[in-house]
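Below: one structure, written as structure tokens.
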Amino acid sequence: MNFISDNTAGASAPVMAALSAANDGAASAYGTDAWTARIEGLFADLFEHEVAVSLVTTGTAANSLALACLTRPWGAVLTHQESHVADDECGAPEFFSDGAKLVGLPGAGNKIAPEAVTLALSRLREGALHQVQPQALSITQATECGLIYTPAQVRALKEAATPRGLKLHMDGARFANALVRLGCTPAEITWKAGVDVLSFGGTKNGAWAAEAVVFFEPSLAAEMKWRRKRGGHTLSKGRLIGAQFEGLLADGHWLALARHANAMASRLAEAVVANGAARLAWPCEANAVFLILDAAAQDRLKAAGARYLAWSDTALSDGAPLAPGEVIGRFVMSFATREADVEGLIAVLNATPR
Amino acid sequence: MNFISDNTAGASAPVMAALSAANDGAASAYGTDAWTARIEGLFADLFEHEVAVSLVTTGTAANSLALACLTRPWGAVLTHQESHVADDECGAPEFFSDGAKLVGLPGAGNKIAPEAVTLALSRLREGALHQVQPQALSITQATECGLIYTPAQVRALKEAATPRGLKLHMDGARFANALVRLGCTPAEITWKAGVDVLSFGGTKNGAWAAEAVVFFEPSLAAEMKWRRKRGGHTLSKGRLIGAQFEGLLADGHWLALARHANAMASRLAEAVVANGAARLAWPCEANAVFLILDAAAQDRLKAAGARYLAWSDTALSDGAPLAPGEVIGRFVMSFATREADVEGLIAVLNATPR
Amino acid sequence: MNFISDNTAGASAPVMAALSAANDGAASAYGTDAWTARIEGLFADLFEHEVAVSLVTTGTAANSLALACLTRPWGAVLTHQESHVADDECGAPEFFSDGAKLVGLPGAGNKIAPEAVTLALSRLREGALHQVQPQALSITQATECGLIYTPAQVRALKEAATPRGLKLHMDGARFANALVRLGCTPAEITWKAGVDVLSFGGTKNGAWAAEAVVFFEPSLAAEMKWRRKRGGHTLSKGRLIGAQFEGLLADGHWLALARHANAMASRLAEAVVANGAARLAWPCEANAVFLILDAAAQDRLKAAGARYLAWSDTALSDGAPLAPGEVIGRFVMSFATREADVEGLIAVLNATPR
Amino acid sequence: MNFISDNTAGASAPVMAALSAANDGAASAYGTDAWTARIEGLFADLFEHEVAVSLVTTGTAANSLALACLTRPWGAVLTHQESHVADDECGAPEFFSDGAKLVGLPGAGNKIAPEAVTLALSRLREGALHQVQPQALSITQATECGLIYTPAQVRALKEAATPRGLKLHMDGARFANALVRLGCTPAEITWKAGVDVLSFGGTKNGAWAAEAVVFFEPSLAAEMKWRRKRGGHTLSKGRLIGAQFEGLLADGHWLALARHANAMASRLAEAVVANGAARLAWPCEANAVFLILDAAAQDRLKAAGARYLAWSDTALSDGAPLAPGEVIGRFVMSFATREADVEGLIAVLNATPR
């Protein structure tokens, strides 16, 4: 019962099959192969928009390269103070941007409100010599706490950022999970809502290592070619990533995978809440469940060998602190999570009714 | 008949099989998986020495991270003026090292002589405030012109570099090809000859995207963990690389692949030289053949649809310039090169005897 | 009546005289001159400790170079969220450190409490691959809000930082103002309290452009020579800075200048508070007075042509917010501030008794 | 008899007087003062062209900031392989440009020929993913070997660089010396000949520390404000540099200083050559004399306590190597060089007629 993260599984069978099928014959190197070329077309269809796409193997690279294209070294990226780019990439965005600053905004459940953007912008005065200049806003969809921005919320953030011309980046490491929950089109939650660049995550969704930086305004990608090469992220055998995406995107496979993960999460959340065995730190909107666990629950989980991550309580709403002895446990579901494991977990958690 | 490079094929069947076999069950993320752990052991056995190993997906990343660990931003890396790290990575070593300088040395066939190292060191005075400080020497095995350093030659280079304490890096994108030609042990051509860090290439050898930075002095790897993460090269599903290497290294598969590629190159070089259809720009010592092609030969190749790369003549020996109309054509053999294609190429080149 | 800052005056007469006196004969270049050499000795005497000293022309350079010597690119500098290094140097510390992160801590009056350090350290786990690693703590003496750390407070901060081995940097742009107020020795408020590196400010104190980075642990300065040169901060005519410091440090001139500035500030604060014309945002402990000005006071100042800076209210204590219409006005006194101007300012502020 | 460099003197009397005169009253900080503002006007008049000017204290900063404004991190600056920016600034241009590459071109006397530019451009293919992209050409006027580019030569270089759109930077650390020798207008040797950015040197000319980056195409300076601040080169008391330039530029003082230095150099060169005591390594065209000294001459100089710099022989013309025992001695004259010292030096050198 490993619920540590959605990156502990390998690749889905169709992804693996697509990779095997691609392993034949010669192909042009460094991303000039036919697989990579087809992916750009697939994304244009998917998003109903002209796009410039760069394929890389990690989310760290996707996010950092995307942000580097949006900011100058004296620029600032507004983002949640506990977002993945700010707090979990060991300064990679600073490295790729040659030292731009990530300015952390508060917000319950790691969601940023338009007011927080407006306040931050008021403190970083336009053109003020001594201050870094805000040039991008980065949001995570779904957030690190498993919450989802609606198209209207994304639009409101873009509007708050527009007076200063900030570009909007969406870290979509779990984009598929957010999308199937929202039930909207990929276009509606991205460029139609003001997103300029999307890190489209394939790895957590079911690939080995496949991430796409999708620019909806292709001119923003002008320097991407050089930045990706200098970062060592231009694979010589580009079809390795291209084929994974082909396997993922064919016949809505990626959405089916995300639906499964989300369903597993909902099942857990509902069963535990109904039973009263634990309460939710944040609503379960995607593929992760954040349970507030008392000492007894922690003990039962430990005894059962269930693995999960202890999570920070910083992003809890002000009015709902942890009680002494409580911790937040994060349980993440992936395309590979088995229903039996979830039911087993529920049984452990619900074992002692309150 | 595609002889453009040894990176146009996919992965060898055993590598693909190892990857498929690895696609089962949950594994710890970010390089803490069992596959990655085993690889470090395999390399220690292979090199008969304690090693610290970091796995990445590209040669650019392997070389750049290795050099960044050896130099400070005000340091200099001595290397051939047309080496891959100096001339073909779009400044990636400068990026990863925060601006260290690559100082280009001359040398026929892209091989560096100890005298060139000594001369360069004399010009960059120790401790001189205004000059970058040499901290590493990087050589390519086999060189970009297909030549090989013997253990004695590597040792002599290390000795030339030792008075100033330079660390020795070997770019082994084609390490396997060099090794099987030398007929020595991996240890003899690396740490026993003075190599401190090796970029061990798996991709051109038969993997999808698998490179290992092998530190023979583990303390030099102290910062690698952070540098790799910041560079976006710490895959969440680390077994993707680990499994490729497992497939490659099992039962000497990697050496068999390299022997095949070298044999194909030797066959071409010998047949063409025997016929007098073209002369060699440099001796054929690994898996690439550099033919000096006159206009007629170029025409025949074009008519036959043979694909190869036009190569710089800068590294020709001083006494052997190109005649008017001649170009250097690079023909590279890989694990996947078919004998029939080589014979076909020979037939085209030898069609009109001289 | 210009109270905008303490950097609007030129140099004090003795500094100017020292510079004139130095303008004779040939001197070795790039900081190897006799003036520069003498300064290191002066600082060793002043601080009763072995020191390594680097002279530069700006506080931005002094702070950024100092912090770059204390951190790696994946390191973090804990500092107040509105400190000068975090908020007023346009990302210079990030530039010089090749992308290290400045982590902002809260604190009224821009003073950091040990508890804030402890909390920040608990959130940035030691050795955690995904997080930047805290390596330095930077405090400002006096703070940007004019407050002063006592030796005991500095010591407590160092102790909070010690479990993780952080080095302690003190931004002493207004070190002299703090020192004369504290009435302790330079040693007591620096290395005896745990400070590893001090940016000793000369410019605001009465020089043209003279700052010294003073390392109390000389080994920390090992890379300074290269960093300063690469940053373009190694003047060829080093006596320009050396002579200014000689003028400043001779006969306690620097302390006299600071005493004057502090006295002017105290006079203003006391007169206005006694009259009730305005209240203080923070106690007046050095050479700046932060007045909470109502609309009427603002009008009177405007009419009188008094110049001051509007200041952020973020660092006010939680229990003392601004009333509607109120702003914080910063009035800074320098060595050159004339008593008549201060009395004039007081007259304007106290014109309408409340 | 110190002929080590032209940076061993202090400031000329008029520069010192201008600085003293500026030391009165309050001035706006960070380069918004009246002195700085006037300098931009003075340069516009001097160059008969609209200019954007940034004042800094060192040539390293001026050159590095200028080049950083002209290149991207994956860009290349073509320059002489022994130019000051390539060989004497400890990698500062790489630091300020976030890792751009300086590509060294050959050329006797450190002068670059158009053919060398054309050849270098042919090797760095436009748009080639794996190679850095040439974006600037940097020449030194006068060169480090004391040679001067004529307007026609500068124009020819710009024309060689134009097909790839390179910007032309002139390192004018000794611009005044070149100008008075050429006898042309400042405009003729800069923007009229194709120069886009000039590092206008004041320090060697007679200032303490005053350099100006002069952009003839002001749009190229768009990022200068941020780059200078982040580099710590925005002095708070900007009039320190402004006043020096005011002293230097008033009444052609700068040209008179340069004429003196050049005359001292000519006197030395002519007297020694006429006597046959030494031959010139390169013609004496500015304020430095490069003498090829045999062992006897070296002994006489040593005995007399004459100080000079031993110089590299790399930039000698191919046909004129040093004989065994010979070295190149560099003797540099400055505004402060006394005629008596030059005559004394001549006497030493000419003591033993050949």
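By written order: A, B, C and D. Residues from 1 in each chain.
Heads up, the rule we're going with is that a residue touches a chain if its C-beta (ideal position, glycine included) is under 8 Å from a C-beta of that chain, and two chains touch if they have at least 3 such contacts.
Just so we're clear, the structure is a prediction, and the values are computed from it rather than from any experiment.
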Check: Where the contacts of chain A and chain B overlap, which chains show up?
Finding: C, D
Checklist line | Far-end chain from chain B, centres as C-alpha averages | finding: C
Item checked: Mean-CA-position distance for chain C and chain B (Å) -> 52
Note to self: Suppose each chain is reduced to the average of its Cα coordinates; what separation in Å results between chain B and chain D?
What the structure shows: 41
Next item on the list: State, to the nearest whole Å, the distance from the C-alpha centre of chain C to the C-alpha centre of chain D.
Entry: 36
Check: Can you list the chain B residues in contact with two or more other chains?
Finding: 73-74, 89-91, 95, 98-99, 129-130, 226, 229-230, 234
Notebook entry, point to check: Can you list the residues on chain A that touch chain C in the complex?
Noted result: 73-74, 87-91, 94-95, 98-102, 104, 123, 129-132, 312, 314
Margin query: Give the list of chain B residues in touch with chain C in this complex.
Written below: 30, 72-74, 98-99, 129-130, 133, 223, 225-227, 229-230, 234
Notebook entry, point to check: Of all residues in chain D, which touch chain C in the complex?
Noted result: 2, 4-5, 7-11, 16, 19-20, 22-29, 56-62, 64-65, 89-92, 95-96, 203-204, 208-209, 226, 229-237, 239-240, 336
